[in-house]
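Quick one: structure below, then a few questions.
Residue numbering begins at 1 within each chain, and the chains themselves are lettered A, B and C in the order written.
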Amino acid sequence: MSEVVLAGVGKRYGPVTALDGVDLTVPAGALTAVLGPSGCGKTTLLRCLAGFERLDAGTIRVDGREVAGPGRHLPAHRRRIAVVPQEGALFPHLNVAANIGYGLDRAARRGDRVDEVLALVGLAGYGNRMPHQLSGGQQQRVAVARALAPRPSLVLLDEPFSALDAGLRAGLRHDIREALRADGATAVLVTHDQGEALSVADRVVVLRSGRVVQAASPSTLYREPADEWVAGFVGEAVLLPAVATGDTARTPLGTLPVVGAAHGPVTVLVRPEQLRLTPAPGGAGVTATVLRHDFHGHDALVALRLADGTRVTARIWDGADPAPVGTEVVVHVEGRARAWPAPSGPAPVDAPVLPVG
Amino acid sequence: MTTTTPEAGPARIGPARFGVRGSARRLAPRPALLAASTVAVAVALIPLVYLAVRTADAGAGRLGAQLWTGRVGLLAARSLGLAAVVTTACVVLGVAAAWLVTRTDLPGRRFFAVLAALPLAVPTYIAAFAWVSTVDHLEGFWPAALVLTLCSYPYVFLPVAATLKGADPAQEEVSRSLGRGGWRTFTDVTLRQIRPATAAGALLVALYVLADFGAVSILRTDTFTRAIFVAFDLGFDRTGALVLSSVLVVLTVLLLAGETATRRRGARYARLGGARRPAPRLRLGPARWPALAALLGVAALALGVPAVSLARRLASGVSRPGALAEVAAAAGNSLWLSLAGAALTMLLALPLGLLTARAPGPLATVLDRLAYLAHALPGVVVGLSLIFFGITVARPLYQTSWLLALAYATLFLPLAVGAVAGAAGQAPPGLEEVARSLGRGPLAVLRTVTLPLTLPGIGAGAALVFLTGMKELPATLLLRPTGTDTLATELWTATSVGAYAAAAPYAALLVAISALPTWWLAARGGLLDKEDR
Amino acid sequence: MPVPARRPLAAVAAAGLLSFGLVACGSGGDAGDPGKPGDKTITVYSGRNETLVKPLLDRFSEQTGITVKTRYATTAQLAAQLLEEGDKSPADAFFAQDAGALGAVAKRDMFAPLPAADLEKVPQNFRARTGTWVGVSARSRVLAYNADTVPAAELPRSVFELTDPKWKGKIGLAPTNASFQAFVTAIRVQHGDQKAKDFLAGLKANEPQIRDNNVKIVEDVDNGTIPVGLVNHYYLGEVAKERGTTPDGLKVRLHFFPGGDTGALVNVAGVGVLKRSAEDPDTKAFVDFLLNPESQRYFAEQTFEYPVVTGVAAPAGVPPLADLDTPDIDLNDLDTLDATIKMITESGLVP
């Protein structure tokens, strides 16, 4: 178990700045997700950690030992940082056992570590298979086992589930998180999938344009995003213009209690699941018209238009039939909203729908 | 030279992806690779430097007088015409044969896969000689085109067959699902898939035809190369011959420029992950009989005619080769010299091939093309240039096996570079990175990942260089260590005094030994695999 | 800066190149070594075929204990090689198929004058006036004809008759052959450039059968494909040898042009000694050996050539050299090869 600390890490490719002063601590024994949209620099961060790229600025320390910094570049093979690439990249000429034993010294290869990690990823008895005889998911499991086998200081996973189909993905990432935990490994998972990051990571680091925007536990990140962009990136967000007076804010959904006391114009965040719908007329709240249902099985998203024209989204859970399209409902907000002074950043253009899994 | 920061090299936009997929886009500077590639290209350019020196000796007046003539224009037209005809015929023959043995249910297709590759083992001078001994009054353009086609179509057949064997059938399936029939799918999808392999093979054929002397001299077709050889004979006029050779270089540049202009770049790495399905085989039905007859006919012309002719010569003459020991010594020398040549060629080709595969770009393209320049020069010119090089620069190497090996490298570098570039695709950089992240140092990664994955492809290149070296005569005559006879030189010695019966065993042995790497090349392309159904 | 970790292959390739260079330098010591005078080893560049002269060279080594390292290639290639090597050539002697090649090398001042004792054994017209090379065997230009298809009575009395339309398509030629070139030069010397030009034009107009070399012409005449061919006389012997018979057993016959006709030009194969070996006793022994009666007999018996040293019998089956009515031409006068080449090239007989 090792703690990894990045301080002021910078990396440029010609005119393009990929990493712009990244400060980051990867706690020992935990799985940290680096989350960000395409081109945010997360892969560069991983390559710098692995030692495939040289830093232009900053330092990287593993357990207090500097592996990269000004005038210092410990080559990849001396860092004890193992990677699991996107496609697994198993050595096609070696069987599963030899792939897993690749990072072990000769003595360890004869020991039971290979079988141990194979069992850990649920592939006990597959040692003699060749990579092309495995399914995509099995190949990824072997790639993880191969990275775990030499007990590296850090395991880097580069979107390891993105090439797999959705059903397989959920099960596999659960298994792999368990395997990492069981082995006590410190790991960094790079992903652009916020659902993946929130569901498996102990800690999520959001990266945008080469900078760390927020580093927090998944629940904090979801409930208390650092700004509107993060709010929209990590989940479905209802962002409303409001006027705050201390602990409350006046919003199109009524006056709500807010986190982040402020005065004056603000933007508030309400998560769709905070919205409760009751048939109109009745109860406290504002009236809205149902525009659309997006049914997801375990829940559904209901698009609503408020009286003033503002559109919001509510998540409903109960199995009861929702109000039909075109009818009026009363909207009530539970819990607190999050408020930021407005305008404070680019509003999410296309907030992704949260796949809850 | 040890600077490795990206700023030192060509600008690149954005980071490389981590895995195997996007690695081809990485243009990380590779100074050591670049330096080693430059050495390889420098070796390939020795003949050009020599030509420049000697044509400068000749003076502008002589150059003009000798080159601005209708005769030179006629020779150029005939050389290019022959190259065009032979290349076209080789593409048709090579692609058709490759398709028949890889994509149809042709009976005995694995046998035919070897049979179709074997003519590579027959030197053009043996084939041409066999043809003139078999058919009276055979001479001129078309017979030369026939013999050259029969001897060189495997240059197209082998890479195309290997590509067809490995190609993803999904594209063809999509095409058929979109309503394109079998033939349209073949022309619109399959031919495009094999286009790079076809173009590479066609380029080798075209350059081979430009440089060939054996067939055109025996079949009396006046091409540039024949004119160059004749110029050497006529009054021992070295300068005149070299001035003519410079035109051949110009023709080669034109050919290369044309090929480069039509070529699409982009490294192709092997697909990792996911199982590869074999393409479904087309049922030929009754069409199998004409197909079989065609393949048998080509084999009969390319292999049968030389075999029968050799046997007849052996039977009708009384001369016999020297003692068995002499034949064995010649075979041993051929083996050793060709092996040394292949080894040196591969050593030089390795960095260049890796450069073109791993850091494609204008620089790599230029270096790669430069390596082709000497490939179309007649062996005698390359031989003289290495005499010049040996005498003035590498005196200790002069008339040793090593200088001859260097000549082979100069002549055959393109054969090897292509193979290495293809092989590098079998070991994507992503795999090496993973290996290093698992704690293995650069040399260990080389030994345990890169070499095991690339050696088969590199071996295929070596096999091609080896068998081409076995057949090489003019440069061998000029550069071999004094007193060293090879199968090719013994063959020449015997045939030039008309001792054909004595020559026959050498010819047979030459073809037989060359057949082994040819067979291996066919096996390498997966042409001999039993399919699992 | 630490060694870049990502260049393994390049590093190995570079290391390989380096070690290759070392190996090459280590092993390359003696092969290119020109050798010292009197070290009982000589290097001979032989444009004469190995099959023909190796037994003779072996005999030389046996008798003298001098090792002969022989490079065999075509005479033209070896001449080009010698010119390229210049004074750094490892060769001690050049044993050439014809006088023209010797002249080309002599012209570059690369040969040392031979001892008078050797020169005097050979008639003046068969050696260099400057004494830089000497002929060791002679061959006559002849018209080879097929006895079945060409009656002896119809044979031309002069080579110039071959431009007559009645020979259209019937003449075999090897215009790239050095002997043919010497023959054309001889026409120019004897009859002037215009006659030579007309002759070549006449030949060309008669649509001759062009062959790569004389052996192929003799073979084709023998099997009737070509009625007649201009060749050197001794190729008949070579073809007979391969057929396991004597020249008499072939269909092909030789016609020596009578009356001092240029068509009966006698040319020589000869030897020159490179300047650096001027004082080498081993090389001198080699030249002596080629001109001794035993070797001269070898040429007559084994290669069907004429000896050049008086007192040695001519090969069987051909008239003795003395009985031939050869044209009165000194080989030394055939040194204007450039003009001949130009003429042959312009005639269209060669590419």
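Before moving on, here are some points about what is shown:
Criterion: a residue touches a chain if its C-beta (ideal position, glycine included) is under 8 Å from a C-beta of that chain, and two chains touch if they have at least 3 such contacts.
Model, not experiment: these values are computed from the prediction.
When chain pairs are compared by their number of contacting C-beta pairs, B-C comes first.
Relative to the whole-protein C-alpha centroid, the nearest chain centroid is that of B. Farthest chain from subunit A (centres taken as the mean of C-alpha atoms): C. As a whole-number value, the distance joining the C-alpha centres of subunit A and subunit C reads 86 Å.
Separating the CA-averaged centres of subunit A and subunit B is a span of 52 Å. Between the Cα centres of subunit B and subunit C there is a gap of 35 Å.
Of all residues in subunit B, those touching 2 or more other chains are 4, 436, 441-442, 445, listed in ascending order. The set of subunit C residues that touch two or more partner chains comprises 5-6. For subunit A, the set of residues that touch two or more other chains comprises 51-52, 75-77.
Listed in rising order, the residues of subunit C touching subunit B in the complex are 1, 3-14, 16-17, 20, 23-25, 27-29, 31-32, 43, 49-52, 69-74, 76-77, 79-81, 83-86, 88, 90, 100-101, 104, 176-178, 181, 210, 212-213, 215-216, 218-219, 225, 235, 238-239, 241-244, 337-338, 340-341, 344-345, 350-351. Against subunit A, the residues of subunit B that register as touching in their complex are 4-7, 11-21, 270, 272-276, 428, 430-431, 433-442, 444-445, 448-449, 452-453. Chain contact summary for the complex, subunit B toward subunit C: residues 2-4, 28, 30-33, 35-36, 39, 71, 75, 136-137, 217-218, 220, 222-223, 226-227, 230, 232-238, 241, 316-319, 344, 347-348, 350-351, 354, 380, 384, 387-388, 390-391, 395-402, 432, 436, 441-443, 445-446, 450, 474, 477-478, 481-483, 485, 489, 493-494, 496-502. Residues 11, 13-16, 18, 39, 41, 43-44, 46-47, 50-54, 75-83, 85-93, 102-103, 131-133, 136, 139, 146-147, 150, 152, 156, 158, 163, 190 of subunit A are the ones touching subunit B in the complex.
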